[in-house]
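Just below is one structure, and these are the notes that go with it.
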Amino acid sequence: MSQHILRTYDDELMEVRSVVVRMGGLAAEQLAEAMQALKELDTDLAEKTRQGDKQLDALEALAETTVIGVFARRAPVADDLREVVSALKMTTMIERMGDYAKNIARRSMSIAEGQGVILMPHLLEDMAAEAHEMIHEVMDCYVKRAADDAIAVWERDEQLDNMYNAAYRQILARMMEAPEQIAVLSHYLMIAKNLERIGDQATNVAEQVYYAITGDILEEARQKRDGAASESVGE
Amino acid sequence: MTDNTRNILDQQVDWHSPKVRARLRRRHRTDFLFRAIGFSAVAAAGLFLVFLLGNIIKNGAPGFLQTSIEVDVAFDPSLLPDPTLERAEFAAAMARVDLQRLLRQSLLDHFPEVSGRADTIRLTRMLSSGARAQLRDILVRNPAVVGTTGKVWLLASDEVDQVVKGNVDISLPEQNRKLKNKELVWLQRFESEGRVSLSFHSRFITAGDSREPELVGVWGAIVGSGLTLLVTLLTAFPIGVASAIYLEEFAPKNRFTDIVEVNINNLAAVPSIVFGLLGLAFFLGVMGMARSAPIVGGLTLALLTLPTIIISARAAIAAVPPSIRDAARGLGASSMQVAFHHVVPLAMPGILTGTIIGMARALGESAPLLMIGMVAFIVDVPGGVNDPATVLPVQIFLWADSPERAFIEKTSAAIMVLLFFLIAMNGMAIWLRQRFERKW
Amino acid sequence: MLNAAIESENEALSPPKMTIRDVHVHYGDIHAVKGVTLDLRPDQVTALIGPSGCGKSTLLRCMNRMNDTIADCRVEGQVFLDGQDIYDSQIDVVQLRARVGMVFQKPNPFPKSIYDNVAYGPRIHGLATDRDALDEIVEASLEKAGLWQEVKDRLDQVGTALSGGQQQRLCIARAIAVNPEVILMDEPCSSLDPIATAKVEALIDELSARYAIVIVTHSMQQAARVSQKTVFFHLGEMIEYGDTTQMFTAPREDRTRDYITGRIG
């Protein structure tokens, strides 16, 4: 994309964008660490993950001041407007992802402290991998300005939802089999829910990326596309 | 590529180095020098102006004054008509009276020692030839004075006048003076009796031209100038303003109007005598109008002033901001309405200023009028635009050419009158500009 | 493609006040406006934006034939006012300009009284039968222009003595005094301070309910603030036409985007 006549404007927009990208990377890392802590029931790592969330909060605050500065001084319009508005929303979403990761870490500590260690259901690891990949991909789209890829990320959420449903049923079944494990298993159930929420946030981020790049609402664009597809099928 | 330049610009400038200081001093010096030169130029111009005006006023002021001599006149009934006659008859009879004789008799009564024909003539010549007219006026106005003796202030001749004003060096040898020793003695006698006065001479303002310096007046020339300028104004102003409005507001911009424009500008630079030739050829030659008449002079001067009026009126019209035209046009005013409701009223002060300056130039012109015969010697004050007349600058030209010493001061005095009118006209132009100038 | 968009819009809305169909303007050899097609609705503000020399002012001046006075200006295509071609030889340009009023870049009140400024239009068009009617028109126009309260006690004061913003509102009052249907504004706020600008913009907003308003502006923010439709011109071409909100959040054309965001195009 061509440069602004005013170079400092470009610099500020780049700053906003880089903060978003750093937050995305950090959130993915937090998720990975939380999952590792859970898998290995490593309380130190879990604690480290919890602390890491503060960094995300700080970055979110930085993004906010930068964006407000751009509004106040540049009166952004068109893509610049969409860029900064999306960035502001995305940082909130990514910060939420970090919160979910922190949640997972906290639960892993509870599990580790509890009696009778029950190993993590396999499906959770798959879900985490899927969510991790979604974060990575959506940040990739953001950096590469690839609107179509954002749609792909958006669509992956369905897969994660299916995995969550499967995990939910599986954990529920294990609860019924072994009611004495309910306390621990309910932690796992919540973790599955957290992972599913992370996926949802990644989807939301994908919507924002799509809007920032194209100016269209992803849902509407998809409906239009689907409509066109079904029409062509009808012919 | 920019690295080198950037390095140069990054260097700190030492504003206190000797080099910089020297440069600054030099700059201040040139500043001062230029201001000094400019001031001297203005001062020199001012000095010239003061000298010129001072010289004219010094020479001209005495021109407004005139020496009179009080003479005891015996209105001898034997020489005069019967005062009981009807006023008209008395006046008619007065025309045949030899007043010179009456005057001579009165003077001889005053100087009983004077005898002989030559001395008598010398004595009477101390009074102006206009003295007879003065006596006639007194008698016609009041026939009852016949038979009495009265003290009457009579105009002195120009030679006496010059001596009284101190313009003639009486220490010169007698043969180099017009006024001989005898006459000086008589004059001293008059003076010692308090019979000589130097006072404001209203005749200079109210009379027409004359051969005698003490009898001349500028009124004829003022009226001639006035009539001529009236004709000029009535012709040049409407034609000039109409042309300017047409050229500026309506005329299409094409080759033809360009040529017209260039030619108008060239006309403004044509020597005025050429307009005189044109006037001579056309108004006198082709139209057969009267020579020396203000109407011809006015029309000729109108030709001369037209380019000035057109150019200044165009400038004034062009100076009306286009936004005013846009505003009027945007409201749906037609071209005529735009021009006459807005542009011309706003340009009027400028147009009038230009016109007055053009008129002032016309007032000062003499060359073209010489060509159409307004240089004639005309005693009567003109009564209309077809009467023979002269104008102020031509009058000045005529007097400057006259040999009598007394005409020097009359010339300067006439120049003062002309300058007064020019300054008044320019002052009016300035006043109009100040009064009607609009801000937008 | 643009034309198709406009025409499809036509079906949905009330009939346009002014329609511009494939208008080209030439100044001698210069092709200043290249085939513009545009509709102006009676209750909308349309903003024309674009870099200097893009032809937006030229197009504006086509709409009330102010270009007529420029010698080598040639207009092709059609401009309709209520379905009547204004370039038709039957149309009287004087009457046209009363119906399509204009407000200029620099406030240009006549150097006459405030009253005479507003009364001039009605006078030359004979809109008032007597003095009372004229008084009424003057008051109503000044009222509508939001100036009445400020000047009612000094109507005989000269219009040029008002402040810049008041002068511009006086010019607007003068334009609406002849009861126009369309008001063209050529950068009306470019010489005003922000407060005066805000007042004029508020006035434009109020007037938009009654008149079709076209405004040429160099201030993108102003276009965004006052208009419902925005047209972007570049080098005499109409690049984009659309809802102002859409234009300023998601312009369709790269050239529009580069211009409104201040990019090196």
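We just call them A, B and C in the order they show up, numbering each chain from 1.
In this section, a contact is a pair of C-beta atoms (placed from the backbone, for glycine too) under 8 Å apart; a residue touches a chain by one contact, two chains touch by 3 or more.
All values reported here derive from a predicted model rather than from experimental measurement.
Chain centres defined as mean CA positions place C nearest to the mean of all protein CA atoms. Ranked by C-beta contact pairs, the top interface belongs to chains B-C. Centroid to centroid, with C-alpha atoms defining each point, chain A and chain C lie 50 Å apart.
With centres taken as mean Cα positions, chain B sits 101 Å from chain A. Chain centres here are Cα averages; for chain B and chain C they lie 58 Å apart. In chain A, no residue reaches two or more other chains under the touch definition. Chain A meets chain C in the complex at residues 1-6, 9, 75-82, 214-216. Across the complex, chain A is touched by residues 220-221, 224, 247-251, 256-258, 260-265 of chain C. Every residue of chain C that touches chain B in the complex is listed here, in rising order: 64, 66, 69, 71, 94-98, 101-104, 106, 108-111, 120-121, 124-125, 160, 171, 174-175, 178. The residues of chain B lying in touch with chain C in their complex are 252-253, 321, 323-324, 326-334, 337, 341-342, 346, 438-440.
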